[in-house]
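One structure is given below, represented as structure tokens, and several questions about it will come after.
Chains here go by letter, A, B, C, D, E and F, matching the order in which they are written, and residues are numbered from 1 within each.
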Amino acid sequence: MASASVGWGPASNKIMTPTIVRTVARADAQVVRALGELGVATVHEAQGRTGLTRPYLRPIYPAARAAGSAVTVLSQPGDNLMIHAAMELCQAGDILVVTTTSESTDGMFGELLAVSARAHGVVGLIIDAGVRDVADLTAMNFPVWSKAISAQGTVKSTGGSVNVPVVCGGATIVPGDVIVADMDGVVVVPREAAAEVARLGRERVAKEEKTRERLRNGELGLDFYGLRAKLTELGVRYVDVDLKS
Amino acid sequence: MASASVGWGPASNKIMTPTIVRTVARADAQVVRALGELGVATVHEAQGRTGLTRPYLRPIYPAARAAGSAVTVLSQPGDNLMIHAAMELCQAGDILVVTTTSESTDGMFGELLAVSARAHGVVGLIIDAGVRDVADLTAMNFPVWSKAISAQGTVKSTGGSVNVPVVCGGATIVPGDVIVADMDGVVVVPREAAAEVARLGRERVAKEEKTRERLRNGELGLDFYGLRAKLTELGVRYVDVDLKS
Amino acid sequence: MASASVGWGPASNKIMTPTIVRTVARADAQVVRALGELGVATVHEAQGRTGLTRPYLRPIYPAARAAGSAVTVLSQPGDNLMIHAAMELCQAGDILVVTTTSESTDGMFGELLAVSARAHGVVGLIIDAGVRDVADLTAMNFPVWSKAISAQGTVKSTGGSVNVPVVCGGATIVPGDVIVADMDGVVVVPREAAAEVARLGRERVAKEEKTRERLRNGELGLDFYGLRAKLTELGVRYVDVDLKS
Amino acid sequence: MASASVGWGPASNKIMTPTIVRTVARADAQVVRALGELGVATVHEAQGRTGLTRPYLRPIYPAARAAGSAVTVLSQPGDNLMIHAAMELCQAGDILVVTTTSESTDGMFGELLAVSARAHGVVGLIIDAGVRDVADLTAMNFPVWSKAISAQGTVKSTGGSVNVPVVCGGATIVPGDVIVADMDGVVVVPREAAAEVARLGRERVAKEEKTRERLRNGELGLDFYGLRAKLTELGVRYVDVDLKS
Amino acid sequence: MASASVGWGPASNKIMTPTIVRTVARADAQVVRALGELGVATVHEAQGRTGLTRPYLRPIYPAARAAGSAVTVLSQPGDNLMIHAAMELCQAGDILVVTTTSESTDGMFGELLAVSARAHGVVGLIIDAGVRDVADLTAMNFPVWSKAISAQGTVKSTGGSVNVPVVCGGATIVPGDVIVADMDGVVVVPREAAAEVARLGRERVAKEEKTRERLRNGELGLDFYGLRAKLTELGVRYVDVDLKS
Amino acid sequence: MASASVGWGPASNKIMTPTIVRTVARADAQVVRALGELGVATVHEAQGRTGLTRPYLRPIYPAARAAGSAVTVLSQPGDNLMIHAAMELCQAGDILVVTTTSESTDGMFGELLAVSARAHGVVGLIIDAGVRDVADLTAMNFPVWSKAISAQGTVKSTGGSVNVPVVCGGATIVPGDVIVADMDGVVVVPREAAAEVARLGRERVAKEEKTRERLRNGELGLDFYGLRAKLTELGVRYVDVDLKS
């Protein structure tokens, strides 16, 4: 799940230590951009229907769209100390990924943090908790995908970790993974697979364009996906009765 | 609930058979249009506060509004094979109604299926599951009411039924029933009752216009609905104490 | 929880009596306006992170924003009789706060009631239940924060109370308290504290303006909030390992 | 959904009429007993994986088990008037099925109603709402499957229907259908199919006994269900790597 | 909601101060015992169907039953510092009532705290959050009603309040109020009303005994509650049609 | 997240391949047993409050308790093909960990699979989905922690993976990790850390025994945890006012 020297490492004296990892390998910026253009649904399909977060993570405004390299934060619920710690490690093109050790809807991130994030080049936030100042964030066009919108203020009392693998919205996210987020949700692409997924995504888009044309002309998926045989094989029968007559 | 020859029929060899019913009796197009103009709240009241689906079915964009004849689909969760099968049976003015044999939020319907649906005259989708490509669907102005937005891709492996009575959003929907959907949710009108409900709805609208005028002038519902007597009868008392002084 | 003469009073014959309290002390209109301008997040912080309702109360349209004095309604679920009773007691600048004796999502309030409310100067509605006619309410620019959108019609059969303390969205609201609501949710300010909270809120805004400037210039919260020492004290360690290399 | 003369009938004056249907055709008592002995999971499989209610309907005590003919009740939420009306129509071996026009967790049924139900031979209750006095009901061994346990009292103010088709726990239940309920949940068997489903269920039990024996001996479902070929066909690969070494 | 000198008091310097109130007036022990014997459903009815918490607060074992005087705790989520602070103020016969400033399921209370609580005479716990060590608590017969069971450990970092009015499970609870809890849930009785509610509850029990006898003999609630006239008045019709024939 | 040769590997042709990993390194059996004796809450604390699954995973019967080495299964929702595939790889002392690619409550596991599992030495099941035949599983004393109890049958149509890292109940579980489960929930211990966590857990137990003794004698956590100073530092004030007098 992680190398031996951090996180849930095998060395006993490290099991309980909250850790900030300074170094993160990131994907190529052009690949990130390409994945962002493909969008969540295409990327998710292109990598074999993996990497999607649960649908409860929703954008705070309709036009929200972002792609970036994950800087991860693991916090105590109701405590945003570690988001501040993470900011220092963010680079242009990063996307903050915040999760808590247990479920919370508190507004751990708001407009001031967004101003700070933008100053460091952060392109968005994925948070498995709450967010606040959403009118301001919308006006700033700073995209956020969150579990809740809540003004609930937070404390800065308990240590956590930065840039360790986390589970966010039910998906494992490793620092440096590519995050793509839009109105359909959030998908994570492993850094090493990013270029390949982008290639496969573009192939898929090209193929879908042809499919779209045929569907627009009234052809049936039933026919060109060859599903009629499938229905027969599955024993689905056709009848002509009107149920209500 | 259904005639003897389909669905949960009494003949043993039919109990387990997934079935596609080709023939659906539909309501008159003008009646459908009239119901659509009345909107969900009025139609629901006009038919005695029946037929409403649970409020978890929400439109994917604010201006969504549709009315059509139900073509119903019963699918395995995470499997959209039967939506393809249903497409062939759709006519102009139909609305697809999709439900699954158990709960699912998977994105069983997306932009390509919407292109196909539009090519066949389908005016919208009610789905007790997830939908994806919502930015595209919004751009196409193809209205969808769903339980979730999720990019989660689906398979095409298991048989199901088309045009059998289904439960969708907690309401029973029979093929050919009129579906009216807008920002307030989704309501189903039995085909045989459609014309009468439209008539009752128009009466209600006319009556409400008078009520609206009186309310706008400051009259109280308490007075012209005769509710003061009701309060007295129920033993509600009036006091003049200020709770905090 | 309430003075002896109403609500759960000690006198036996009053325990079960549904009650409408005619008199409500309200906060100064200028203070209400000031609180509304500060917004939910600032007000919530200014009064020590208290008074926020649960985040499930959401505005029905994005630009919704309101501040007013609470007129409270306690209803049987699925019954809007007491909203009609409350209307008579509303004054310009009031905000209706409706809750039910047990959970419900029924659409207890719609466009006709909004017309009536507006005629009496009511500036918005907070309802721990459902609302309907949301397209009309949006067109009217009548803001509502609700638990659900549902066309489900209601009856007028059971007595309840008006202007007694209620729990709405998990927060206690006393009649005359100031309600501030915007895209971040809903916060309640005790009437006696309203002026002081407004003052503290303005102080907070002024202070945040300076913070914002520093953050915009790239300074880290880690530095000017003095959090580096906190991290050290908490035993958070820094490492330079790349997890995936 | 129902014949023309009741429920959502086409005749205008009948659309809104709450109705109590006195006559219900019931399945043979021996068939009901046989289905009860098979249990929910077997019955559900025997009828082609149909008829199951959503898993939120749970028994109030672990040993709960019942089978009977459905007497259905459609009530206003928070109102148990129609349960009283239904009691008169219950016969020995019936099971009450109660649902509400919108979601509610109120305790619409308690020990007194259970005493009454038992006096009329009712063998249990399925309620898509709340129940109370569960310690007493457990002591009486009166089984209930409900959405919630809640002491919340109810009124007797609004009309509803008895013995009309209802949706309960997401499943359509027609009066006279056979209800089987145990620790796995609740399943509904259409009356006309009951004998056939019982027969198919017994076949399934016999077949499973052989399967059980083989599995107990260590044989793999992979082998005797022939799933190895399926895995190959689906492109599932085997590797021998240890992920953590 | 509270007197001027604590909680949300009008004096500005007190708005944000977390406070521990040492003095709590309690109800008479005999009255508390009497209410406990009546049980939740009866007490709730006896005080006019008020005071019930939401049904999500459930006992951790079936036989759980308790009645006591409320010592209230308001904590930061995931932080049990204030439970420790409250323990010192508990007297024999008290029941701890714990809630958090925002939603949490963390296990804020476990076996060690139960040992401590028992040593101080505390008879149970109502917690709008999580609890852990439930096997031990069950073995100790220490009853708990909670929102969740979770082993999630908590910190001791943030101040909160003890013996201020709180909202717990959606109900307002004032320190010293009588809490009655059993398998049906949790109900709060205002201290001043406790003796009267106990009296009304006993009356109710006596009356119900007669009702029970008549119902056991097969009489219908429809008859002796006089509901037939109500049905007629509401326009409920009787028909004799069999829906499925 | 995993080594290069499986799962989300960097090589393009492997991204989409469902994979069954035959080899799993397991923790020492004595260590597993020791962790099981410590129980979930202690283990969770001993490893620095990590590794806990979300509290929605609940045991199907009260006495459920298990510890074992994880054999992981990633399935399509509503499809139990891969559980059959996993059975072959199970050894005595293993615990099955099943999750689905999207949320599902279907009953993917029942009594027949439990018979098979027991024949192969499997000691329990953790499933982020549904389970059925719970009366039989209880009678067999085969412990299961699941999200739901549902009789809903499943298909065997879609490929998945066995013994790849999965997210189950919100926690990352790597094959061979130690799973400890009891009434408090489920916790995962990384295999490499298992011995050390067991040692730390035993230390904790020893220390808690002393704490328990002092608490039993009426000492306050406030005193021997030194929390009075903390309260002072946090500005928590003590007052002696009675709120209701």
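Simple rule for what comes next: a contact is a pair of C-beta atoms (placed from the backbone, for glycine too) under 8 Å apart; a residue touches a chain by one contact, two chains touch by 3 or more.
None of these values were measured; they are calculated from a predicted model.
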| item | value |
| --- | --- |
| Chains touching both subunit C and subunit D | B, E |
| Chain copies touching (subunit B, subunit F) - same or different residues, decided at half shared | same |
| Repeat of interface B-D, chosen from E-F, A-F or C-D - more than half of residue-number contact pairs shared | A-F |
| Superposing rotation of subunit E relative to subunit F, computed on C-alpha atoms, to nearest 5° | 120 |
| Contact-richer chain pair [D-E vs A-F] | D-E |
| Chain centre separation (subunit B, subunit C; CA means) in Å | 31 |
| Inter-chain centre distance, subunit C versus subunit E - centres from mean C-alpha coordinates, in Å | 25 |
| Centre distance in Å when subunit C and subunit F are each reduced to the mean of their C-alpha atoms | 39 |
| Residues of subunit B whose C-beta touches two or more other chains | 17, 49, 52, 101-103, 105, 150, 152, 158, 165, 174, 192 |
| Inter-chain touch pairs (all) | A-B, A-C, A-E, A-F, B-C, B-D, B-F, C-D, C-E, D-E, D-F, E-F |
| Interfacial residue positions of subunit E with respect to subunit C in the complex | 1, 4, 8-10, 12, 15-17, 47-52, 54, 101-103, 165, 167, 170-172, 174, 190, 192-193, 196-197, 199-200 |
| Subunit D contact footprint on subunit F (complex, rising order) | 2-3, 5-7, 17-25, 61, 81, 84-85, 87-88, 105, 107, 110-113, 115-116, 119-120, 130, 132-135, 138, 148-153, 156, 158-161, 163-165, 174-176, 191-192 |
| Residue ranges of subunit E in contact with subunit D within the complex | 39-41, 44-45, 49, 52, 55, 58, 62, 182-185, 187, 208, 211-212, 215-218, 220-222, 225, 227, 230-231, 234-245 |
| Residues on subunit A engaged by subunit E in the complex (per definition of touch) | 76-78, 101-106, 150, 152, 155, 157-158 |
